[in-house]
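In what follows, chain A forms one complex with chain B and a second complex with chain C.
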Partner chain A sequence: MTRRGVVIGLAALGLLAALPFVFPVPYLRHIFILAFIYAVVASNWDLSLGYGGIFNFAHVAFFSIGVYGYGILTKLAGWSPWAALAAGGVLATLAAVLVAIPVLRLSGIYIILVTFAFAQLVLQLVVSQSGLTGGMMGMVGLPTFQIPGYNLARDGKLGYYFGALALLVVSTAFLRAFVGSRLGLAIRALRDDPDYAAARGISVARQRILTLAASAFFTGVAGAYYAAYLRIASPDAFGVSLLSLLLSILLLGGLASIYGPVVAALVLTFLSEASVDLGPWRHIAIAVVIIVVVRIWPGGLWSALRRLSS
Partner chain B sequence: MLSVRNLAKSYGALAVLRDVSFDVAAGEILGIAGPNGSGKSTLFNVLTGIPVRADDGEIRFDGREIRNLPAPAIVAAGLVRTFQRETAFETLTSLENVLAGPLHDLRMPSADARRRAEAALDFVGFPAERIGWIAADLSVFDRKRLMIASALALGPKLCLFDEPVAGLAPPEIQAIMAILRRLRDRGTAAILVEHVLPALLGVSDRLMVLHQGVVLATGAPQDVIRDPRVIDAYLGPGRHAA
Partner chain C sequence: MSGDALVTIAVSALVLGSLYAVMALGLAVVWSSLGIFNFAHGLFMTLGAYVAWQVAAGAGWGLWPGIVAAVAAAMAVGAVACELLVRPFLGRKDVVLVAVITTLAGATLIENGVLLAWGGRPKQLPPLATGTVNLFGAALSAHEAVIVAITPLILLAVWLFLGRTRLGAALRAVAQNHEAALLMGLPAARLYALAFALAAGLAAIAGIFLGAIRFMSPAMGGDPLLKAMVVVIFGGVARFAGPVVAAYLIGLIEAVSTYAIGLYWTPSVLFLFMIGTLMLRPQGLFGGARR
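On to the complex of A and B.
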């Protein structure tokens, strides 16, 4: 990252850190918390889809595994919420390794089919095991995060706001480090030309497993955080609306950029809230905005920001 | 170094390679000629397992059977190829293109990989000012050199060059042939497939001609190009002086 990029990043972080004190409105914090969580999930999806070129539609399932992992471990197994938060990431990573196995030798549309089927399989599992998961009703009243003597939900969700912001910062730093590493170079090479990558000694199998696993960890953690914040685990976490929201974030932000989905998550979440009064026209209006942005800047918002700043 | 015996590859009823056998000694350059569709590129494909494998036969490299090894394991053994098309990782810079292979070996320190990449780029005469360019922005000649450099950065014992001068202007052809000669001088073995006959004859120690998937002739280049069977294959029956 350039010096200018570091300064801009730190300024944006400072702004977000000061925001809850400048505007002490709990609802505003709530919107930001959701936007931060969506930003984590979308930017991690960008790792497998944008950088890895893997059409992985199991990503929403990784998020849901974090959600339900947190619910089951805290409510039924009696784990501490913090341990369940980490476990959400580990469980999602294990699921990613599992889904990577049938994907190793596939490409294009077949990867979409297998990963989408995996997501549906996990959903059916959740719905059918109602004794554990609450079935279609889901799980409610999940434990919240606490640090000694303080519940993160107090003071207008202030703790959850900074927790979500910290999760976004750590996840983004991880993604930047991964993409900039030798592993990141190999996954970009593999995306550009799999046969040529194999001819240069790059193992398709190893890279795909690593890419999916790396993209799943913080997605699972975000799922667990989401469950702890809203105190519910519901099959909606597998829903088409979440899937389309995340895809919209990726499209609007720009693939293979990491920061693009982060910016787009904030823009879309607030755009969605700001257009509530439009009723059913809201989704159409947002879709039009996305189409216009992508039409003008095919690389999405991130490429637009970079172009404008240069 | 490389010993190929009775290699066969078919696509359905079409036999592309039949009973192909040959050897390559350490430090030797074997040239392969043959009309279009004679099986030259398929031979490279099955030797490296990219993107297809042989149906039958034996491929021994440094005494080890490699026919069923995964492609990266064949590369790790020291058998590396280039492609007919000037292939590159389009969104990566020139330096990243050459670094991607060596860096994939997690045991290799980054500094060593970079040294190797820079040495390989220097060896092929790649312009230093373009190592930061995105590969998609490079000329055909630069992409050809980049592909060769990325192969050499892997430290191959045997390099397979598939029409390295195809589509190049005469001075560029000379530059690529000079690279191959320097490679021979430093003792790296190579198999060279090429349609440009003077280029092929200029660097090959031995020449092998493939025709319709079978080995038609093998031997000293000047002997092979006078072989009546080779002349028949290229020019049609009855066109040779004998």
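On to the complex of A and C.
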């Protein structure tokens, strides 16, 4: 990372840390918490989709597995919320390894279809096991995070705000380290020229499993965090509207950039929350934005901005 | 398992199979000619059902004008969707991914458009025929009997169009070899729009079938699209017979599974089946080479 990058990153972090004290409005914090969570999910998706070139449409299912893992472990198995948070990440990683098995042999559109089918399978299992998951109704009243003597939801969600920010920082640092490592170079080489990369001794199977598993961990943790924050687990976590929002974050931010989706998540979550009252028009607007961005800025806004500044 | 149950399963399999065949054929036509998977296909079905309802029940002009209007409207929207959502990206390296994204966005667009135009209250289409029919001891509605009877005719018509007309041959030519087709002077852009229009028209017919069996809602196309997706994967798109045979087989599997292990587990079985097919034989049961 360049020196200028470090300065910008630290400045942004300082601004976000100061924000809840400058504007002590709980609703603003609520939107930021959601934005941080979506940023984690979208930037991790960028790892498999953008860097790995794996058209993985089961990513939203990893998030939902974190959501339901947290719900079931805390409410039915009596786990502590913190253990369930970590378990959300582990469960999502295991699911990713499972998804990787059919993905290994396939390419292109077949990967999209098999991962899409996997996500649908998980959704159907969740809906059909109503004794465990509450079926279509979902689970409500999930336990929240506590540190001894303090509930994170107090002081206008201040604890949740910093928890989500910390999650985003750790996840982003992990992603940057991953894509900068030899492993990151290997998965990009595989994306750009699979035959050449394989000929140079890069194992397609191992890299794909590792990429999917790495992209799933913080996604699952984010799912568990989301469930602990909203205190619900519902099948909406699998829904097309969340998928569309994440896709638009990814596309607006630009693939293979990590920071792009993070910035886009902040912008789009605000726009999305601001337009809740618009009802169907909101979904129509998001859909139009997606189509226009894909058409006009194939590299996303992040790369368009970078081209402008250089 | 009693004889009655067997007949009930067989009849249910035929009705489901007919619906899936009409739905999946359109998906297969688009996939084989453009090489993309159209996630907006379910919404062509929804749109067809609502236009038919508007003309038949809303305006009171009767079902047949409704059917004509529905197919025409769906075909027009299909061609426009192709122009806006798919064709601009056809040359791009990541067209497969982009098409998924843009057709998903298109689906959101149409679904919410339908919601704005007709509201979320459930509606129902008048059936194609009234009364019940007795088939080998199982009673099914006359509407379902008509579906089972005319689906083979629709499939035959599409087969004749693709196989016996110049336009159909041109469509297959573009599907098989894009560059060669262009060199022969075929208007690829218009043929792609035609493939989409044909698919959307078929989806609209499926919507009219379904709209009188279940209640219509803006989200009604989602489930049939997923089933058609399973069908297309299972049968492959290399041959005309692939998705058609697969549709009836999947209908049979669904009917047996619903009877044996219940409605809730059946979708899981179908998706497991789809994943298994992709792992063992991604080109589909009847596929030759993959595209």
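One rule holds in what follows: the second predicted complex is superposed on the first by the 282 of 310 C-alpha atoms of A that agree within 3 Å, B and C clash if a C-alpha of one lies under 4 Å from a C-alpha of the other, contacts with A are read in each partner's own complex, and residues count from 1 in each chain.
The criterion applied here is as follows: a contact is a pair of C-beta atoms (placed from the backbone, for glycine too) under 8 Å apart; a residue touches a chain by one contact, two chains touch by 3 or more.
What you see is a predicted model, and the numbers here were worked out from it, not measured in a lab.
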item: Chain B versus chain C as contact partner of A:M137, first or second or both or neither; value: neither
item: First, second, both or neither for A:V6, with chain B first and chain C second; value: neither
item: Contacts of A:V97 with chain B and chain C, given as first, second, both or neither; value: neither
item: Contacts of A:A199 with chain B and chain C, given as first, second, both or neither; value: first
item: Contact breadth on chain A, by residue count: chain C or chain B; value: C
item: Which of chain B and chain C A:L76 touches, first, second, both or neither; value: neither
item: Touching partner for A:A189 - first (chain B), second (chain C), both, neither; value: first
item: Common ground on chain A, meaning residues reached by chain C in one complex and by chain B in the other; value: none
item: Chain A - residues contacting chain C, complex; value: 49, 55, 57, 101-102, 105-106, 108-110, 112-114, 116-118, 120-121, 124-125, 127-128, 240-241, 243-244, 247, 251, 280-281, 283-284, 286-288, 290-291, 294-295, 298
item: Contacting residues of chain C [partner chain A, same complex]; value: 35-37, 84-85, 88-89, 92, 96-98, 100-102, 104-109, 111-113, 115-116, 226, 229-230, 233, 264-265, 267-268, 271-272, 274-275, 278-279, 282
item: Chain A-facing residues of chain B, complex; value: 48-51, 70-72, 75-76, 80-81, 83, 87-92, 96-97, 99-101, 103-106, 110, 113, 150-151, 154
item: Of chain A, residues touching chain B in the complex; value: 182, 185-186, 188-189, 191-193, 195-203
